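Shared chain: subunit A. Partners: subunit B in the first complex, subunit C in the second.
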Partner chain A sequence: MSYADFRLETVAETIPNPFRRVVRFVFEWIPIAIVAGLWELASGTIVSSEILPPPSAVFAVSWELLVSGRLLPHLQVSLYRIGVGLGLSIVVGVALGVGMARVKPIENFFEVFLALIYPVPKAALVPLAILWLGVGTETAILIVFLACLLPIVLNSYNAARNVDRNLIWSARMMGMPAWKLPIKVVVPATIPSILTGIRQAIPIAFIALVSAELIASNRGVGFEILRHGQIGNYTSMFAVLVVISGTAFVAVRGYEWLERRVVTWT
Partner chain B sequence: MDVTRTVGLDRNDVIAAAKSIYSLVLLLLLWEFVAQYDMVHSYFLPPLSDVLATFYELTADGTMLEHAYLTFRRAMAGLLLACLLGIVVGVLAARNRIMGWFWDPIIEVGYPVPVIALVPVFMFWFGTGDLSKIMLVAVGCFWPVAINARNATREVDENLVWSARMMGTSDRRLLRRVVVPAAAPGIISGVQIALPIALIVTFVFEMVAGGGGLGHLEIQGVRSFESAQVYASLIAIMIVGFTLDRGLRYLRGRLLVWT
Partner chain C sequence: MNRTQTHRQHPSNAESAHETMVDGHVTITELEKVYESGDERTTAIEDFSVTVPSGEFLGVVGPSGCGKSTLLYLVAGFLEQTTGTIAVDSDPIDGPGTDRGVVFQDYALFPWRTVMGNVTYGLEEKGVGKEKRQATAQRFIDMMDLDGFEDKYPKELSGGMKQRVALARTLAYDPKILLMDEPFGALDQPLRESLQDHLIDIWRELEKTVIFITHDVEEAVYLSERVLIMTRHPGTKKTTVNIELDRTQPREELVLSDEYTTTKNDVWQSLREETTPGGEH
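After this line comes the complex of A and B, so read on.
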């Protein structure tokens, strides 16, 4: 191919070692700079800066919103909803997944419900949640909980099904009573898969949260985006969007980093 | 005389089926009972029979089909647009250095954005009609399609490419006849991941912005205190989700006959 000359490595080799990482980083992220630059140029010339506020202004407002603390209460509410919803879905999901995998009657009882809610986009349950819980935090928590439940149940179910039989036999041989098996053997052997399930659930949790907050809330970051849009404060609308995206990004990356630190035995 | 034998079912099959759905039947009966005797206010839980009656009514007079069609059209148009762009971008990013250099960081930054938060932005840009919904569905579905297409293309066995090239296949033909078919299972997985995103975006957009569709019908039920309509719309949403999921699986089987 004629692109053979265009190689990061060949460029990087001509540069002294300490700078390589910096140069590589800059080189890799140039496309983002290009897009941001084009956006900055287009705003106010090709498109009105009302419709497409320049990134410099958006980031300035994001920074200002964070520093002045005006967004903090909303961010706090949203993080609380995500935390409780995700936490509940981990507790219930792991119990359900492991229980279904190891006990046939439990599987018979719950399988049909999981099969029923599987194809339903959980955001479509927001109106139902409004009927039951009204507009606010409980509705958002319920939606986050339901949305995160399936990936966690599925991952822990599959893992608990495939626990190495030798582990269970060894534990039994050494005289462990049957009721201790799930806690002492099955769940620990399932932990890597459970953590994978949680990682899949985090982005889903953010989607569920914002959906619930857009439709049924008067606080939280999703509501803030909608409110700024409705009063025509478009730069702030984009700024809140940047903050929530940044939070989601940090949550996923932070979790992956933590997972690598904690799960050292795989 | 055993009835089950005449329909070609084993007794064990019937027992297994009964075991797996008895809980649902129990729950539905409990629902009807509890609601019929007003143990729960009908605003929270209208009797199942009322819900089914409303569902039948709305289906019979064509309302449900009309709204389902609106939702279906928006979700599918957006998904199709995302597939066209996403597959092209993904495959090229994996095969071409400049495209890869340009798109990798953009995908990295764009993928984790909770697309649903863009609903107010797209309302502002494109109004509250079909266009804004289709555009946002396309944006939301683009990322998973592009990422899966890129990763699947990267993992195509280089031996296949080398062999084809040895036998004198041109670059363009190589892409169409060797690379894309070899990457197809991964590409279609991306589309399967994108399908629920398409539905979520469509429903939420319809709830926030209106303009018809099942999401609008459902939220309208909440606003006019017609609980039965909320439940009936949910049944329709369930059917739409289930049909699309199955349809895509069927399509996958038909498209990937060689795997």
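After this line comes the complex of A and C, so read on.
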């Protein structure tokens, strides 16, 4: 389902420790190497390199775009939109999820909205968002926010609803008044699920960002894909895609790394 | 754990000790607990009265599903009775209170807090200053042989250690009454025995009133001064059996003594009538 679920633990365990990381790394990238190899061969032979530029060229352009700094302003704008959108969705999503789980009227009020919003592709909301907020950063942030909200709300809602009764009772018997329970017990007990929700939201944030920027922006990486495509510069178009995919990958991996180091008690 | 090697010895003059201590007696009067869900009414506890004097170690045994845990959670104030009263030192209880401390079978430690953080929790809620609460917590951490593990998180500990942390956590805020819900039920035999002996030492030293729920007759007889046997569904008090054993002998001799064997059989017989279909109401 996600990057992290794909692991070759059993193979890795037969290998001496110092080499494990290297071997795991190699194993993980073998499928990509195979596909890239086939792609390289197909480009210019089976398929015209005009419409399927070879990966060697694509990666070279990706590298060039990053090093020359031509893509950086766009990447910066995009990351800013993701940061704000995702950040807002964490704050609102956790509050809403925990609130719904612990307060019946809140649950009754929002449940129907979640059920209705859930199946709607967030990209379908872009035209509406343009109407409200115009073309630009606010629209992209809104779309990222909406798309990320659901996994975070649902994860924290389910976890907060199922907090071990004995944990709550333990706090109560030690003299904690009921009004302190959400902050002192429910939220900490829900943290592992909140973190899972955030991890699920990161790739979703990139999806939402690009779909917003393709339509409603004149900056950002999504806009760059469109611009290169429109002027027929397909190698660059692919190259921007590679950069987006790579950035999202690094974001998830970086997040997981950080999570392991900061939240050591899970 | 050296302390578990010590001979177990209840206070020699247990009766007079109870009378001189004013704090921590529990009076349960005509308790009834009915669970209602939709149209269905299930009576968990019915017509239940008992007085637990200060400092007594009362074991409660009963067939599974007889409402032992419900009884304990009513006394803890987590659940509300349908009728009847529960009083601590003659004051009817109103919800949970720090005069009572529960030890759960599944430990119920806060996973986001270290051992020290768990043990200081109740003291924080009491508003005890940082240095004082660290010192108090350390005392109970040492008492439970947990020194060196102060900074560990619950996930890093074994089941037996988690239960010792849970016990230290409950003892640290000094409740007069310990309510224990099959606390050693999930542990293997040697670990269970060592924690049982540990608990007796602590009970003697700290003079707590203990209500100890278990389905294990041997455990109840070994630990308790008095064992209460509950009937099968709905739970009522069937009878209580006083346990009079020569507590000066070590465990291995005590469990072979005639008094122990006889008492254990009495309790077991009484309980068996409840667990076999013929004993059903």
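Basically, the second predicted complex is superposed on the first by the 233 of 266 C-alpha atoms of A that agree within 3 Å, B and C clash if a C-alpha of one lies under 4 Å from a C-alpha of the other, contacts with A are read in each partner's own complex, and residues count from 1 in each chain.
Going forward, a residue touches a chain if its C-beta (ideal position, glycine included) is under 8 Å from a C-beta of that chain, and two chains touch if they have at least 3 such contacts.
Note that the coordinates shown come from a computational prediction; the quantities given were computed from them, not determined experimentally.
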Contacts of A:Ser245 with subunit B and subunit C, given as first, second, both or neither: first
Partner chain(s) touched by A:Trp63 [first = subunit B, second = subunit C, both, neither]: neither
Partner chain(s) touched by A:Ile130 [first = subunit B, second = subunit C, both, neither]: first
Touching partner for A:Pro31 - first (subunit B), second (subunit C), both, neither: first
Touching partner for A:Trp257 - first (subunit B), second (subunit C), both, neither: neither
Winner by number of subunit A residues touched, once subunit B and subunit C are compared: B
Which of subunit B and subunit C A:Pro188 touches, first, second, both or neither: second
Partner chain(s) touched by A:Asn166 [first = subunit B, second = subunit C, both, neither]: second
Footprint of subunit B on subunit A - complex, ascending: 1, 3, 6-8, 28-29, 31-32, 34-35, 51, 108-113, 116, 118-128, 130-132, 203, 206-207, 209-211, 214-215, 221-222, 225-226, 228-230, 234, 237-238, 241, 244-245, 248-249, 252
Complex contacts: residues of subunit B adjacent to subunit A: 19-24, 27, 43-44, 96-98, 101-106, 109, 112-121, 123-125, 196-197, 199-200, 203-204, 207-208, 214-215, 218-219, 221-222, 227, 230-231, 233-234, 237-238, 241-242, 244-245
Subunit A-facing residues of subunit C, complex: 73, 76-78, 95-98, 100-102, 104, 106, 108-113, 121-122, 125-126, 153-155, 169-170, 173, 175
For the subunit A and subunit C complex, residues of the former touching the latter: 164, 166-167, 169-176, 185, 188-189, 191, 264-266
